[in-house]
Structures are given as structure tokens and as C-alpha cells.
Amino acid sequence: MAETGFQPVSGFDLPRFAGIASFMRLPMIGLDDPRLPQVDIGLIGLPWDAGTTNRPGPRHGPRQVRDMSTMIRAQHGVSGVRPFETVNCADLGDVPPNPADLSDAMDRITKAVTRVHKAGILPVCVGGDHLCTLPVLRALAADAPLGLIHFDSHTDLFHSYFGGSMYTHGTPFRRAVEEGLLDPARMIQIGIRGTAYDSEDRAFAAEQGIRIVTIEELFDRGLKDVMAEARQIAGTGPTYVSYDIDFVDPAYAPGTGTPEVGGPNAFQALQVVRELAGVNIAGADLVEVSPPFDGSGGTAFLAASILFEMLCIIAPALAASRRVD
Amino acid sequence: MAETGFQPVSGFDLPRFAGIASFMRLPMIGLDDPRLPQVDIGLIGLPWDAGTTNRPGPRHGPRQVRDMSTMIRAQHGVSGVRPFETVNCADLGDVPPNPADLSDAMDRITKAVTRVHKAGILPVCVGGDHLCTLPVLRALAADAPLGLIHFDSHTDLFHSYFGGSMYTHGTPFRRAVEEGLLDPARMIQIGIRGTAYDSEDRAFAAEQGIRIVTIEELFDRGLKDVMAEARQIAGTGPTYVSYDIDFVDPAYAPGTGTPEVGGPNAFQALQVVRELAGVNIAGADLVEVSPPFDGSGGTAFLAASILFEMLCIIAPALAASRRVD
Amino acid sequence: MAETGFQPVSGFDLPRFAGIASFMRLPMIGLDDPRLPQVDIGLIGLPWDAGTTNRPGPRHGPRQVRDMSTMIRAQHGVSGVRPFETVNCADLGDVPPNPADLSDAMDRITKAVTRVHKAGILPVCVGGDHLCTLPVLRALAADAPLGLIHFDSHTDLFHSYFGGSMYTHGTPFRRAVEEGLLDPARMIQIGIRGTAYDSEDRAFAAEQGIRIVTIEELFDRGLKDVMAEARQIAGTGPTYVSYDIDFVDPAYAPGTGTPEVGGPNAFQALQVVRELAGVNIAGADLVEVSPPFDGSGGTAFLAASILFEMLCIIAPALAASRRVD
Amino acid sequence: MAETGFQPVSGFDLPRFAGIASFMRLPMIGLDDPRLPQVDIGLIGLPWDAGTTNRPGPRHGPRQVRDMSTMIRAQHGVSGVRPFETVNCADLGDVPPNPADLSDAMDRITKAVTRVHKAGILPVCVGGDHLCTLPVLRALAADAPLGLIHFDSHTDLFHSYFGGSMYTHGTPFRRAVEEGLLDPARMIQIGIRGTAYDSEDRAFAAEQGIRIVTIEELFDRGLKDVMAEARQIAGTGPTYVSYDIDFVDPAYAPGTGTPEVGGPNAFQALQVVRELAGVNIAGADLVEVSPPFDGSGGTAFLAASILFEMLCIIAPALAASRRVD
Amino acid sequence: MAETGFQPVSGFDLPRFAGIASFMRLPMIGLDDPRLPQVDIGLIGLPWDAGTTNRPGPRHGPRQVRDMSTMIRAQHGVSGVRPFETVNCADLGDVPPNPADLSDAMDRITKAVTRVHKAGILPVCVGGDHLCTLPVLRALAADAPLGLIHFDSHTDLFHSYFGGSMYTHGTPFRRAVEEGLLDPARMIQIGIRGTAYDSEDRAFAAEQGIRIVTIEELFDRGLKDVMAEARQIAGTGPTYVSYDIDFVDPAYAPGTGTPEVGGPNAFQALQVVRELAGVNIAGADLVEVSPPFDGSGGTAFLAASILFEMLCIIAPALAASRRVD
Amino acid sequence: MAETGFQPVSGFDLPRFAGIASFMRLPMIGLDDPRLPQVDIGLIGLPWDAGTTNRPGPRHGPRQVRDMSTMIRAQHGVSGVRPFETVNCADLGDVPPNPADLSDAMDRITKAVTRVHKAGILPVCVGGDHLCTLPVLRALAADAPLGLIHFDSHTDLFHSYFGGSMYTHGTPFRRAVEEGLLDPARMIQIGIRGTAYDSEDRAFAAEQGIRIVTIEELFDRGLKDVMAEARQIAGTGPTYVSYDIDFVDPAYAPGTGTPEVGGPNAFQALQVVRELAGVNIAGADLVEVSPPFDGSGGTAFLAASILFEMLCIIAPALAASRRVD
């Protein structure tokens, strides 16, 4: 049972438009806060987008997601899960980025997430662009490679851009495989679509044994069938969940830098997360929300809703595993 | 057959961007107009949102719906119904609200709708927030409780907010049941979703026998099946139809104060209305269109399209019942 | 095999936000350019909207589509087709419109497209409003009537507007049939929906034998079944494809002047184009993108994605037919 | 003293967001209304923009100005003038335009304004683009040429566009002079700025003796000094006032089709109107408000404020002249 | 000298887009925080707008001002004042509003500000609409009436609205005078403009001896001269400063509910605050920022800049007065 | 006299919304184009913003400026200068940026501008963020330091950010002085305002003898007086003009990443450029236009207007100097 001090402020007490905006209105507990050891799940902002190859802006993502997440309430509408009462959740603040130095910025993320990880906290990260995932994986997979369930319209498996740049938001999973942070046999990428430069990324996936599910396959087979396969691929080992908001159709999530038309709707965007129940989740992220391309906040509200779905899967599993321990 | 004087201006004669905007370009007939007794269906604006607990703005709804409704033409595309030739429809103007006095504002609505009701006019109200429905019900159910078919993402069945405030847009149907304005056995709420504070509203529904259809059930069973059940629950008695625009997914209806992702699309939003054929409709509303959150007018245009669907169901039924009389 | 000189600039070399925006980043080859005879498919802008009866703006369409089309890459994600390597594609620029003289403007389009047509180039036009299609058909059907596969929410088959005006974006296909540019027996209109003035357009269609598929029929039967019928109706003769962006639901394509709610989603918007494989396409257009009603560019990006789907159908067929020749 | 029936609805009684939007919340009196002969000043919408050479949209101007004009109250803040109590003002509705036929559209305007003029009503027109002014002048100057005080960033004195088109929003005053509707010796154009095609317009002005005041001269001499000259040029004869909203700097009035940076601010935009006191105004217009380029309504609110300033000058003069009569 | 713990986060260390947004990036110190007694100046959010008579939204003001205030740095550009090093400043959070009960909401504000006041903290409040000022004055003027320097385009001195409602954002200063919270002889209202209902407010001002400076007088005399008079009127007694953002021209501050065109520019908006040096300021507010009407945040950034100017005047004076003590 | 081939397309021939958008509708002449040696002034896009420390987006600047620059005509409204007939102007395209490698990106700019410079072309660059200026100066000042006239709200003279990052848009002029690219004694920075981190930048300026003119001084003395001083400081030696769009007040130029309220208006923004007549301009730039923060294009239109003013100063001077040669 979660500590009372870790409850979000209720909209019945303080209207949702009032108060300082933390993720889900949870207590703000910095990495030096004495309450840190009590935290079970830590929401962490990664306001960094130096890997963006086209339209920038995800550096503003965490703040807008915090703002819109004040509209999230305490209980899941279908399952009745109350994640904040199940385990202790907190907003751990943002990792301070260095927008002017790509390498330094990645190190900062790795260090901060390593610290969180070593404190026994399961990190749920809010980007930032998809390159953010690489330094997070360096922190979480320092000992052994992780499985990956990856929702996206792009594979992000390219070798390099612009005449040799190895670190962009189109390359993180290529790097992660090369660095041994992910186990290709336990990787699945779901929702892939849009025009392609060439087949280099898919050739790499085929060579490594990474499973790619295109949007056509996803719609043909149905979400439940594909997610059953995803659970099987991930198996029982620790698995990372990476959710790029451009997985969702841009009518539902226009606030992103590299949209691809023809994706899932918002209902489906939530359903795939519900189907993660049973996966041994070691960490998760939600990336590529770009506020300058959706001032309305609708994309960020969808992102917050997806994050809550994640918490409703992770929190009970975490509580159960600890009871076992 | 409707009087010639009650026809909307045609876009073939006066382009849709021209002319003063009344609902559906219908004649404007105030409550003191001598033509009032000839009106069969009265479109009424309720520009009031003092019950809004989060993002305000529905007070601006009627004017934006009027503006966008100028793009509605005279004939239903599928059924061929021409509602304005079937019965006499008119824009009765707005009920003058008091934004600074909640109790006075509700009384004003009840009085105006009572007057319309007593004139034998079937009211179709355009909100305003969902608290507007309560004073409308007080006018229409003064003699006997009504049935309710309610499209929404929220139940609006809560007891109170903010330490005891009984009248907000989250409480109207709780109050209406308590006041005997609605018959719980003839109530159905469709499309319920999103995160929840707790289960208080659903416990009340269960206790009272109010039927709740979640979005998951709606999508699993299909619209036609659920609507068949709705017609059965409503039965043959007089029934009120209340349509909160946040029933629809926010990608289609972003202009609302408390959106919940993962709802029906616009095609489905219209289909549920078509399935109301056969219901004994005593009045209807469309609420929670909030222009400050959708300056494009897309939400209001969807609202106008839904209102036209309602008219195409109500008008023939009304004409038929009068022929019988 | 396409000439090297006709390749688009790659986003790996020049980021997508950089460089002057031509359609798909293709070379710009004006009608007086010596390379014109080498072009196989010519993308042509028709920045003209004097036929618009309601909300204006499609005159700005070509430029915004060019801008957003810089996000299109070289290869189709599913079929692997690389149209720019298959045949020579180019941006032929805009036909200079006369916004102040409707008749002169139509003549300018007919002359320019005639010149392109006589140069053996297959034109893919980007509007502009739907009246643009009429002068294009005058150029392409000068010798014999064409078949038509038409995606739209409106039939555009009306006789006249505003007391006798014969040339508006609601009349082009009526005129084209009257002028013998289209063969009614080989015409199909798909996606028709929305409120109607009356049944005049449908009566004309019935009388002429033009096939109309409403949105209800499209969703009931499924896209593949309807498109099989479309291919059958078009037969083996030369066929024009006209795609009004308001075919798509306004949640996906808000940037248009006469939206109708309840249409296909973006995935479906692309699928219908894929199902054109096998049709003998003589020319195509994408019209009614109105930037003032979607400053975000999302509608234009969808339009660019649809245009790329068209190219991936047309280019291989063209290459095959020429190999046969 | 104005009739009671011609008073606008007060915001103390009906909040400004409520009610159907007519100009200044005045009574709506169509040209066939029996009360027409009682009207002294008639606000008329001219929703037509077929003369626009660049960004379209002023056809939507009258409706947005009506909407925002509901924020105008009954009394001038400085002079204390209450124009609606001084003479009878009314919203005469829109002249039905023909967006598809330039010549027919102009005739419709001339006919309607002639009818208003002959009824003894002083017309204050709300555009529409600047070409609207030409048919208005044809109505008002049928007997004798008028003087002109013209606020604009452009002279609109060009001969023709696009290879000979004589009727665009860049030519109305050239045509009006040629047609003998304006007396060049009594014409002044104030605020001219921006880049120029060439000097053809200024050469025409010089040749005809039309006075042009550039923005540099306006700022150097000051508004009061320039307006004194304007009053002197206009003299005692009947004078038309034409106000193009692009006279004002686009930071204050972005909603227009051909903005020119570096213009007057909003305070100055009102001041020049106040300095019209003493001019024998025979009619006036406010044109080029283009809602698609300012969804916020700020430009339309400025336009409504300018219109109210006009009424506060015209109404007392009209009342005084009638007392004299 | 301020405590180190009360310094804002520097943009050199943490980029301005990163981190949880508190006012000026100051430490968040709730009313129950043990550090409260160390605070000298407390920034307090009042997210409440139930007094709004027209366009709602200021309830969202404090959060957007917090967000945009992260762009404010530590030092005044001209005076070199570093307010956060001069005294201890903090973000005290928001007073929990009750959007559904006007009377309860005002009591909550009065209680919270009383508590702050009694803790010896000078409150700088961020609204919220202008009715918020009344309960703040009830807290600060409990013992003796205050002077008032009031920047606004409206007097807010009306008696009542909508048939007798006494508490709206158009009445707070009338109520405050009636309740003895303000000394009319020490009141000045600057920037008054726009259309008026009637002269009731000005008659009250004249009767009470309240000084009103219209925008015409402000521009004619110049800011410095008017502000010298303001300092003289306020005298040496404790004075409240109330700044309605609609004092500024809507081109600079569009995000407000009741704009009036023709106001000061942003440079002038800051200058009037600088001229407050020497006034004995007992409390201050900045109200009527309405984010739904300016999603860009420009209005909120101007508000944050004005608040920083206030702090640069208040902090040194406070430090000086304490040194004297 | 300029070659005929270098004339922009006239809006009388091709409406401004039509055609592919190059800067000022000038011919597009890449660096490998055989016509390159004929070019006198080259407009160059620098779509790069990796130095941005806060809100990103100037990478999209060149394209939006190109788009809006199609509204610029051929002749200066006041001076009558026709720059495109005076010398040969062309759009040289964009320097291909590397958004993922700061050092590579700067090298690319230096190389491209060096090539232009060696071809005898005077470069006018369109950013991109202000860090772009540093590699441009490395190209132009390779032989000898330049003077600088710099319009901005910030000095951009800081040493480093984020714990040592030396290359951001806050440091270019510090680096340029350190690298000997600028002569401090011939540098003037005009319009400086806003809050400050500290006085480090001003201390550096004082130490180096760089002249800083704050906005207060600019407004007090007047533009002409300050610009006279600027001309004196620049002297007769070759001088670079750098114009950051945030020099202008954000009401006029909201589309920028680090706005500071209280700046010049658009009229003044143009006047300062006119006062550059007589300066020996060796190159110029206009930077920091960020389209994601102004989708309306108003900021970019102001930028295009400023660029045209620059051309009207540079072209005649260039023509004169060549006649002398």
C-alpha cells in the first residue's frame, strides 16, 4: 500500500486548473530529497531534443505533459486500478539537459537514471526526442541486455545521418543493439509505416532477428493478436517499453516532429498498453511530444493518458512482485 | 407540412458565409414574437457555463454553433428527410443567463423552457455546460419523470464538488434523479470512459438501476446493438436526449472543457442519433461545445451536424404524431 | 529507369526543413525548360479558387503542399516502389492563374495542361478548388471522353448556383459530362455524404448512369470491395482520378472549405489509392486543400502522402506500358 | 432623438457572449422591413471578396465584425456621445453576393445601396474587399461626384492586373475617378506605405491632383495636422470615408490579405476618425477584414471599434443637419 | 541579503524550458512549509474567474504566468537590481478556489492572504479576474483603508450587473470603497478607455473624489508626469497596486477577456511600474491574463515581465525599510 | 544595371500566392550554377538552430521568410530604389546544415560563404539562430576584422552556457571578438533590453570598448541620433550588419525564441535600416525567425520587409562603388 504522502491532489479538492503542475499532480521529489528511497515508480522528465532531424520541440514536452496530466484522475475507468495507492509514485523532476552538447547531454541522462535505478525506483521517462532512450538504456541495461516493446511509426534503426552523424532520433535502437543494451531476439517494433528512405533499417532488423509489425499487419490481425505475440517475444525477462507518440495517427497526436499519416486512433493507442499486462517491465518512456506543433495540448493530454495506462499496468505488477519478495 | 415562412435561407441563394447567423439559418422568433404559436421545434441557446469545474467556455457555444450551422443544408443525405418542410422549426434565441449568480441563472432557464414547453414547442437546447440540462429537465418533467438517453464520456452523477458544491456540470443527473425529474429505470448513459476519481457515481447508478455502457462495451457490441438496448430502456414514455460533445473523441471535438481520449469518431457520433428513431423524444440538448478551445469551429460544425441528425429524427415523428392526433 | 537528374534531394543529405520547397523535393522544370521532354510524370500546381462557393483559400494549396511534401521520402513503405527511380518525375511549377477573371483562368489551365499532355507527360495536378478539374479535363479529353474515379464527399454535379452561375466548384462534373469530356458509364463517385440541398445532383447521376457510392455503402461493404467495383466501372480505357481532400474526415483534413463530418480516416484515405492498381490512369488531381483553414500543414501533409501513393501506382504502370511499347 | 426600438441590447441585461450577433447588437431590419423608413444610419454587410489579388477571406468579414461588435457599448468614452440615442441605427443585413460572377456581384451591391440611399439612410458598409467600394460609390454618386477621405496602406489606383483585369481590389479608385464618381480635387489618401510595383498609381494621382500622404509624412507632421488638411480638401461637399483595415499596422490588424508593416497603432487608428468631425459624410465603409487570417477576432474587434468611432461622428452631425432642416 | 535557498534556478544551469514551472523559478513554499517565516515577498496564484462577465479564462492565468516566467532572469536590465538577492522571494502556490461558489471562493482568498499578511509577507497576487482583488483587500485593509494605484482600461466601479449581481469583475473597487477598504482620496485609476455603458462609474468616482486618468490624458501628459501625480495621491501611506493586463493594448496583451483597443505599448507598460519607486506598497496584483485567448503565452510573458518590474521596486524598498527598523 | 534575367516575378503577372517561393521571387542560382559569377548580392538561407538555448525553431526560418517574401514588390515606397534593377540579386539556396553536429554545421556555413565571398558576391544571410553569424564572420573576416552594427535585444557576448558550452546563440560575438573577426572599437549593439543573468556580458563589452545602446537610450535620443553615432563608430571600413528579429517588440515579431517585451515597433524596425545609408556594408544577416512560434507568418513578413530595406541600401552603394571602380 502506498504511503499517504504520495497521493496526487484530487480535483474535488483543488480544481484541475489550479496549483503547480507536476506529473499527475504527484509530489515533487528531487534526487536529493530524503523521501527518495520510498519512491517505487519515478516519473522523470527528459527535456532534450538535440537528436531531432526535422522539426524540433520535444524539449518542451515534459512541461506540457505535466500541465495536461493535471486532468488525470486517480482511478482507471475500466480496471479500477488506483496506481497511486498501490505503490509510491512521484515526480522526480527533469534531468538537466545540455542543449549545446550532445555527448554531455546523454551522459547527464545516463547518470541520473542510473542513480534512480540504483535506488530501486522503476523509471518512467517523458521525453524529449527518441534519442533520449539510448542513454536511459545505458543506465538500465548496464548489467544485461533488455527486451524491447516499441510503439512507433519508424524503426529508428538507421546507421547514421547527414554524412556520418551516429546519434540522432533515427538511430537509438541501432546503437543500443550495437552496444549490447537490447537483445534483438526479444525486440518487437509495432506500427511501422510511412515513406522510407530505403530498406537499410529493415535489412538490419532482419539480420538481427528484430520483429517488425507494420501498421497494415497490426490492423489486419488486430491489436490483441499482435500484442500476444509481443508478450511472447518479450518473454519473462526484464523488458523496456518505448512509446513514440508518432505511433498514433497525427489527427490524434499532431504535436510531434515526424508524423506519419494512417496510424492507430486514441482508443487503440490506449489498448496496446493495456495488453502489456504480464510483461516484466523494467522501465518505460513516452517520447516525441512537441508542444510547438500542438499548442492546444491535445497531444500532451493523450500522452498523459497513455502514461496513466502504463502506471496501471506497472504498479500492480510491482506490488505483486514485492509481495512475492 | 411546414409553413413557407419557416424555411432556412438556401446556400444557392445566399452563400453560406453571408447573412446574420441563426441556427441552421432558420427564422429568428423570440418568445414574444406573434409567430411563436406556429413553431413546432424550437432551437434554444443556453449560453451559460457556471457549472464548469475545469476549463471554461461553453457560454460561447451557442454563437459558434449558430455560425457553423450555416453550412447545414435542407435535406438529410441518406434518408432524404427535409425537416424544415416537415414541421415548423425556428431559432428562439438565447435564454439570457446570469453568469454571476448560479441559482438565478438556473431559474431563468427553467422559466424560459417552461414557457416554450407550454406553447407546445419541442425544445432542442444548445449549451452551455452540462449543468444547463438540470433546469431544462425541471421545465419538461414538472409533471412526470422522463426517460433519458445520455451520450457522454462522464456519468455526471457525482454528489458534490469542492467541499459541498451541489450544482456543477458533474452533478446534474444526480440532482435530476433526486428531484424526481428522471426515472432511473428508464435511463441509459453511453460512452463512459476516462480516468475516474472513484466509484461513487457508478455505485449510485447501480443502486438506482441506471444503465451505464462504457466505451469498451459500445465498441465491442457495436452501436446498433447498444442503441437497440437504449430504445428498449427508454420504452414508449417521453424521453429526453442529452448529448455531451465530449462523447466524441477529442480529435473530432477538441473544443470542450473535459475531453477524454479514446471515444467514437464523427461517423459513429452521427449514427447513434440515427438509431434514436422510434424513441418518444420530449426534448433534447447538445452541450459542452467550448469555442475558446477550438477556434477553428470544427467542433461546432460537428455539433451542428449532430443537431441536424436530431431534427431529422424528431421532425418526422412529430409530424406523424400530430397526424394521428 | 529514371534519369539520375530527376531524383529528389534526400533527407539524409539535406534535412527536410532546408532547401527551397518543390513538390517531393523534385527538380523544378518549367514548361520552357529543355529537359521537359524527358519528364514522364509532371506535378503541376493550380493555385486558383474562383469557383469556391463558401470558404476560400485553395489558391494557397500548391505552396503548402510543396512545403509539407518535403517530408515525403523516396520509397513506399509497403510495396517498396521507388517511383522517382522508375520514371522521371518533376515539379513543372504552377499554371499562372487569373484570380479576377474566371473564364481567362480556365483557359490558362487548359492551355498549359494541353501543352504538357502533348509533350507526352502524365499530369498530376494539385489544386486549387474543384473547378480546376474542368479545364484539365478539357485538355486531356479533347479527343475522347475519359472514365472517372472520383473521391469526394460531394458529387459536384449541380447545374448552377446563385441564380445561374454555371462555373463553380459544385458543378465541374456536370459541365464535363455535358461537354462530352467524361463517359458517364465509366464514372464512379465514392464517399458522398453530408447534408444536401435537394436531389437534383443525384437525379442527374441516375439519369446519366453515373455510379454514386455513399459513405454508408463504402463503410458497409469495405474499401476493397468498392474499389474492385471502381476498377470494373473504369475498365481498360483511359481514366482520370480526381481526389477532393474533403473525401477524408475533417479531423484528418480540416484545411478545406466545405468539410463534411463522418468520412474515412487517413489510413483508409491511402488504401483507396493503393486499390487503383490496374486502372489505366491518364491524369490525376488532388484538390481543395485550403491552408488558411489549417495553418498546421497537417492537411497538406496528408495530401502529399496521397499524392505519393498515386505516384507509386502510376509510375510502375507507366514504366510497364512503355516497356511494352 | 432615436426611437426606443432602435437601442442595442445592453451587456448589463444580456451578457455580451449571448444572443444572436447583429452589428453593435442593433435591431436587424431588412430592406423589406416596414420599419426601414425610420432608420437614419444603416450598417450593411458586403460579404464579397472576388477582387482580392492575393490572400482571400474578406467575404467572412461582416459576420466576424458582427460577432466582435457585441463588445461595443452604448457611449463614447471620451465625448460621451450616445449615437444610438441620437439617431436611429440598424443592421440592414448583408447584400447577397454572387461569389462566382464579378459583374453581377457589383450590380447587386449598387442596387441595394441605391435603395438604401433613396430611403434617406446613410450607409456604413462593412466589407468585403476594397473592390466593394466601387459599386457603393456608383450608388451614392449617381448624381454628382463625391469627395473622398481614404485611410489605407495602398492607393488602389492601379489601372489593371493580370494582363488586363480592370476590376480588382487594387483598382477601385482609378475606376471611380474614371467614372466620375469621385472629384480628384477633393480626394486624399492617408497612410500609404509598403513596397511598390512601380509609380504608375502615383503618376495617376499626380496627374489628377489626388493628394497622397505617406506614412512617413503622417508620422512626421502628426495626425491632427494631416487631418486638418484632409478636412480642408474634403471641404463642405458630400464626402465618402473609406477605411481599409490594412491602414493599421499588422501587429494590431493581422487579419487582412495584403498587410504592410510599419503602420499606425490602434490609438492612432481611432484618432484619425475622431478628427473627421465637421466633414459632410455621405457614406462610409470599413473593408478588408479577413477572418481566416485572424481567428482570434482581434482585427474584427478593432474594426468594430473604428465603426463605433465613425457612428459617434456621423450621428450627431446627422441629427444637427436634420434639426436645421 | 536574501538567503541562498531562495534563489531562482539559473538558465545557465538548467535551460529555461526544463524543470517544474514555479513563479520566476523560485522555491515553492506552501503555507504550511517551515520556511514560510523566512519569506519576505510571496507570489500567490489566484486561479479564479467567477466574476467574469464576458469571456472566461483567467482561472488558467497563474499556471501560464508561471510557465512563461521561467524566461525571467535574476537581474533588472537597467537598474541592475537583483530582487531575489535583496529579499527572500518565494512561490507560495495557489489559493484553492471554489469555481462553483462565489462567496466561498472569496472567503478562501481572504483567509489565505490574511495568513500570509500576518506572517509578515508582502503578497504579490497573480489572478484570476479582477474580482480577486476584493478579497485580497479585505485581508490587507482589515485595520485601515489603503491607497490604490490602479492600471486598467476600465474603472471597475460599477454598482451591479445582470439585474442586481453585486460581485463581478466590474464592481470590486465600488465594493472596496463601500466596505472602507480603500481611501477614495488616495485612489487613482490610470489608462481608462473604451466604450462605456453610461457614466455611472465616473459619477461615483467624482462623488468620492477618486482620480481617473483616461488614456488620452496619459498620452497627452506623458507617463512620467501622470505617475508623479499618482505618487502624490498615494502619499506615504500603505498603498495597493492593482494591474489589470487589459491596461495594455490588446496587440501586446490579447490574452484577456475584455480588451479595449488603443492602450499603452509594452515599453510603456513597464515604465509605469518603474515610476512606482517611492510608493509605500503594501501589496500588489496582476490580473485578467486569460490563456484560452492567447495560447502563444505572449500575454503571460508580458505579465511576468511586469511582475518582475514590481519586484524590482518592492524588494529594495522592503530591504531599506527593514534596515531602518 | 542588372541583367533582365535577375528580375523577380511580378505580382501583376503571377499572383503572389502562386509559384515556387524563392527569396523575393528572385531566380534560384545554386553555387554550381553557371550564372553565379553574374550575381552581385546573394540571399542565402542558413536553416540551422543548434545554438538555441531555449525555444527552438529558427531552422525553419528561411523557408517561411521565402514564402512571405513573395509579398515584397520591386520598388521601395519612399526612396523609389529598385534594387533588383540596380544590381543582380539572386536566391543562392540554403547551406546544407548538420543538425546533429555543431562543429560540422559551422564549418559548412563558413565554407559556403567563403565560396560566395570569393566569387565577389555580397552575402545577405537569413537564419537560423544567432550562432550562424559566427561561421559567416569566419568567412568574411578571414583577412581583417570587420566593424559591426548589431540590432538585438541581447548582447550575445556571454562566455559560455550549461557548464562550459562555448558555442550557443548567446556567445557568437564574444567568440568573434576573441577570434579577431570583429574590431571592438568599431562595434555597436543597439536595442539591448530585458532581464539579465548578471553583468558579465556588459563587463566584457566595457573592457573591449564595445558600444552598447539600451532600448531606453534608443527611445530617449531617437533613432536618427543613435544611428548617426552607429555610422560614426562603423566608420569607412567594411562593416557587418547583424539583425536579430528579437530587436523588434514581440507584438510585431512573436515568432522568435527569446523575446523581450518593450522593443521598437515595425516602423522603427525599418527606419534603423534606412539610416545605414553610407555604411560600407560587407555582409548582413537577419536571424532568429522561428516559424513554430508564429504560424501566421507575420514575423517572417516583417523579416522580409527588413531584408528588402537592406537591399535598398546595399544595392545602390554597390552599384556606385563599382562605377567608381
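We call the chains A, B, C, D, E and F, going by the order they appear; numbering starts again at 1 in every chain.
The rule is simple: a residue touches a chain if its C-beta (ideal position, glycine included) is under 8 Å from a C-beta of that chain, and two chains touch if they have at least 3 such contacts.
Quantities reported herein were computed from a predicted structural model and do not represent experimental measurements.
Ranking A-C and C-D by contacting C-beta pairs places A-C first. A repeat of the C-F interface exists among A-B, B-D or B-C; more than half of the contact pairs are identical by residue number at B-D. One copy, subunit B, sits rotated relative to the other, subunit D; on C-alpha atoms the angle is 180 degrees to the nearest 5. Averaged C-alpha coordinates put the centre of subunit E at 39 Å from the centre of subunit F.
The mean-CA centres of subunit B and subunit F are about 56 angstrom from one another, to the nearest whole unit.
Annotation for subunit E: residues 13, 15, 17, 53, 55, 59-60, 99, 161-163, 249, 251, 265, 293, 296 touch two or more other chains.
Per the contact rule defined earlier, chains pair up in contact as A-B, A-C, A-E, A-F, B-C, B-D, B-E, C-D, C-F, D-E, D-F, E-F. The part of subunit B that touches subunit A in the complex is made up of residues 53-55, 161-163, 192-199, 214-216, 219, 249-251, 254, 258-259, 261-263, 265, 293. The residues of subunit F lying in touch with subunit D in their complex are 10-13, 15-17, 71-78, 80, 249, 251-252, 265-267, 269-270, 296, 298, 301-302, 305, 308.
The touching residues of subunit E, when paired with subunit B in their complex, are 49-53, 55-57, 59-60, 98-102, 104, 161-163, 165, 167-168, 292-293. Looking at the complex, you find that subunit C touches subunit F at residues 13-15, 17-22, 28, 45, 47, 59-60, 62-63, 66-67, 91, 93-94, 96-97, 99, 295-296.
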